[in-house]
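First chain written, first letter: the chains are A, B, C and D, and each begins at residue 1.
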Amino acid sequence: MPWSREQMAERAAREIPPGSIVNLGIGLPTLVADCIPPDADIWLHTENGILGMGPFPYEGEEDPQIINAGKQTVTIVRGGSTFDSALSFAMIRGGHVDVTILGAMQVSAAGDLANWAIPGGKVMGIGGAMDLASGSGFILAMTTHVTREGEPKLVAECTYPLTARRCVHRVLTDLGLFACGPEGFRLLELAPGVSLDEVRRKTGAPVLEGRP
Amino acid sequence: MSGPRPGRHRDKVRASVAEALEGLHDGARVMVGGFGLCGNPEALIRGVVERGVRDLVLISNNAGNLGKGLNLWLQAGIVRKVICTYIGTNEALHEQMAAGRVEVEIVPQGTFVERIRAAGAGIAAFYTPTGAGTVVAEGKEIREFDGRPHLLERALGADFALVRARRADPFGNLRFWRTARNFSPLMCMAARTTLVEADELVPLGTFDPDDVHLPGIFVHRIVEVREHEDPFEYRVVRPRPEGR
Amino acid sequence: MSGPRPGRHRDKVRASVAEALEGLHDGARVMVGGFGLCGNPEALIRGVVERGVRDLVLISNNAGNLGKGLNLWLQAGIVRKVICTYIGTNEALHEQMAAGRVEVEIVPQGTFVERIRAAGAGIAAFYTPTGAGTVVAEGKEIREFDGRPHLLERALGADFALVRARRADPFGNLRFWRTARNFSPLMCMAARTTLVEADELVPLGTFDPDDVHLPGIFVHRIVEVREHEDPFEYRVVRPRPEGR
Amino acid sequence: MPWSREQMAERAAREIPPGSIVNLGIGLPTLVADCIPPDADIWLHTENGILGMGPFPYEGEEDPQIINAGKQTVTIVRGGSTFDSALSFAMIRGGHVDVTILGAMQVSAAGDLANWAIPGGKVMGIGGAMDLASGSGFILAMTTHVTREGEPKLVAECTYPLTARRCVHRVLTDLGLFACGPEGFRLLELAPGVSLDEVRRKTGAPVLEGRP
């Protein structure tokens, strides 16, 4: 059975080494926050200016001026800090964020990422996506394995507008966890009950097994 | 022969929003602080509409949302061009774009704020890896540093900056509140004339020198505005556990 | 295949200067905070000499003075090259230069700190007007922006940064005191490994989020050092008027 | 009689419009601080990180961590602020400092400034001089009219290493106040009892009179 969204979030959280600075993109990646063990010294960064972002506030404690990059009300943990956007993107672009988990529309085997625009669709804007994709030490893309129409999102070459080239290290889908590489997506883990055959059928690029 | 320009660092406090906005002209390039509806200079935004200027070039991360904030400018039809990073659910902007009434330039957020900082800091241009190999690179110089392609990005300045601060002293030393800080300090640096809407005006000497978020050198006019709507864009809460 | 790098943001507090300096190797590029003798990480500076490393490339505004601060490194003969902005009365450096034992690269101070910031902020290079038409321009790309010549300047990073902070919490959030701040926050951003000598280590949560001068993301090791000489470089006072 | 150092400082102070941000270089310009009227809303900037620098401290109140760019102990006025060097030079390079008063070894008629090195002399370093000279809105150079050996410091072309080209707007010497311009130094004011002849004799470039 493919992983549920919650199971994906849990699996993603296990990719984060203790003591890391992590930026979680909008959408699926947001769910990862709830799966991070509290004693792992993992600090959440949000590009609008918090290091040490905490969970959503308790009812009645929400402050419209304490938000995340998705403009949702959040909190700040003990030891957290706030700062301007120039410093925030210095953290990102300068490679100080250890792990970034981003949503994806398409990921190529070589690690190209498309996650900001659909050809012919409404232009939604770029936000911090390109900076996050170019700057982070490790990028995990998180997405369902195929589109609602059944089209592969893990592809040989992206056809959607790119966010950044050669930036994604690993891709986590509902079917498994994969490492990007020039020859194809290398399988690191399958969701329980999912077969390699199914994965290969639903992937637009070679899926490799074993260590390279 | 010409001597120094007249000093601008006295008598900065204005009695009204209208006074603070004096000189803001048709066609002006205007930066407005805030991340979505968070940290907006609400009174200055309204004041610009009331002033009746038009053809503005708006430089702001989002240009409002939910009919609030900078959506007022779009609804009033006083914006010619928007330079921003994200549109998302901003229907007012989608409509104006679709109707061809507003030109939109979308910039990656880190590049956006770095270009603004560059203008304020006297840096003409810089090379960033962000956007290499994407549509953002189109028409830009690309150059390799340390084996990675980088784009040349130019400084982005403005005629005016309109920002919100939590507290200001009469010299214009500012403190911001939490994530309401965002682009505002950088925009203050990048504009020829900086207008601050402060929730509270405090006496000179209130701030410890080490605690000033933005020194008054970057601020030219201050208006105190005590009441703000501060709308939630996405109010998300969790239930309080029993006994808390 | 390779996964994320191991997280470095836990267990940052070191029991001793020697422990904090672990891994600092011969030939390392080392940034040291301070403006002259103001804001020097005195214990870390001494600790590097005791560690016995050599051939260091020192990146610091002044490289000490009056036989104090970074003059210790020069006297110990452990510096191969100095990148700085000013020598002035620094006799130790004049001597080492004259003897051909130390290579010195002098950089305009604004360019120096902007290059350091660039390294920390992921900006590969930038164009500045500073130094155009001077010896500083030699060998550099010159380009006109807005009718003015600008020099292309490259980011300046380091293996280690050694800085002094007034207060640090265990995550490495820092506060500096007055003009002891200077280059230190930027150097923390620009080095692969950042070592902080804090006058006082305070519990997590001591700082209000808005009052952190430098967030702990840029800090890797912290050692508390309560006693400092804090020498005056030029102690200038005025007589107290009668009755005060 | 030529102006004394103190008279030069007083004259220089009168060049500063009320409400200005001012940076005073090391040496002669430092004296200007004492001549600024207290009610003129003039704020002193020092590039090591103070806006709102005050006078030297009273005996016993000096703090080795509150210094100016000359590394002298100073104070901070009410409303002053402290900041890092990147922000400080953003103020300078970004043109936010209204008036900078710098010492000079040579100034050319066109406004080239040499103030950091003597050919063949000990290299003292550049410090903030080049940034200040390139970035400020208005630069007043302040120097004795001739060297101790009687050589003109106001010259047709600088022979010393340059600090910046075309940067000096006015020059104040012990003999007078001059505006820089392509055709020569234009006399704005003579020190009392100093003749134009004497000035011309001691100047290495044309000295012009009247409005251009």
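Convention: a residue touches a chain if its C-beta (ideal position, glycine included) is under 8 Å from a C-beta of that chain, and two chains touch if they have at least 3 such contacts.
Not measured: the values here are computed from a predicted model.
**Q** Could you name all chains that are in contact with chain A and with chain C at the same time?
**A** Under the touch definition, chain A and chain C have B as mutual neighbours.
**Q** If every chain is reduced to the average of its C-alpha atoms, which one ends up farthest from chain A?
**A** Max centre-to-centre separation from chain A belongs to D.
**Q** If you average the CA atoms of chain C and of chain D, how far apart do the two points sit, in angstrom?
**A** Here chain C and chain D have centroids separated by 28 Å.
**Q** Centroid of chain A to centroid of chain D, CA atoms only: how many Å?
**A** The mean C-alpha positions of chain A and chain D differ by 54 Å.
**Q** Return the distance between the CA-based centres of chain B and chain C, expressed in whole Å.
**A** Chain centres of chain B and chain C, defined by C-alpha means, are spaced 32 Å apart.
**Q** Which positions in chain D touch two or more other chains at once?
**A** Within chain D, residues 50, 76, 82-83, 86, 89, 92-93, 135 contact more than one other chain.
**Q** Which chain C residues sit where two or more other chains touch them?
**A** Those would be 114, 117, 121-123, 128-129, 176-178, 181, 209-210, 213.
**Q** Return all touching chain pairs.
**A** All chain pairs meeting the touch criterion are A-B, A-C, B-C, B-D, C-D.
**Q** With touch defined as at the start, can you tell me which chain B residues reach chain C in the complex?
**A** Listed in rising order, the residues are 114, 118, 121-129, 145-146, 148, 150, 154, 175-178, 181, 209-211, 213.
**Q** Can you check the complex and tell me which residues of chain D touch chain C?
**A** Listed in rising order, the residues are 46-50, 55-67, 70-74, 76, 82-86, 89, 92-93, 112, 122-131, 134-135, 161-165.
**Q** Could you pull out which chain D residues touch chain B in their complex?
**A** Chain D residues touching chain B: 15-21, 41-43, 45, 50-52, 76, 78-83, 86-87, 89-99, 135, 137-138, 169-170, 179, 181, 186, 188, 211-212.
**Q** Sort out for me which residues of chain C touch chain A in the complex.
**A** These residues of chain C touch chain A: 1-11, 117, 119-123, 169-171, 173, 189, 204-205, 207, 209-210, 212, 215-218.
**Q** Considering the complex alone, what residue numbers of chain C touch chain D?
**A** Listed in rising order, the residues of chain C that touch chain D are 35-39, 65, 84-88, 94, 97, 104, 106-111, 113-114, 116-117, 128-136, 176-186, 213, 230-240, 244.
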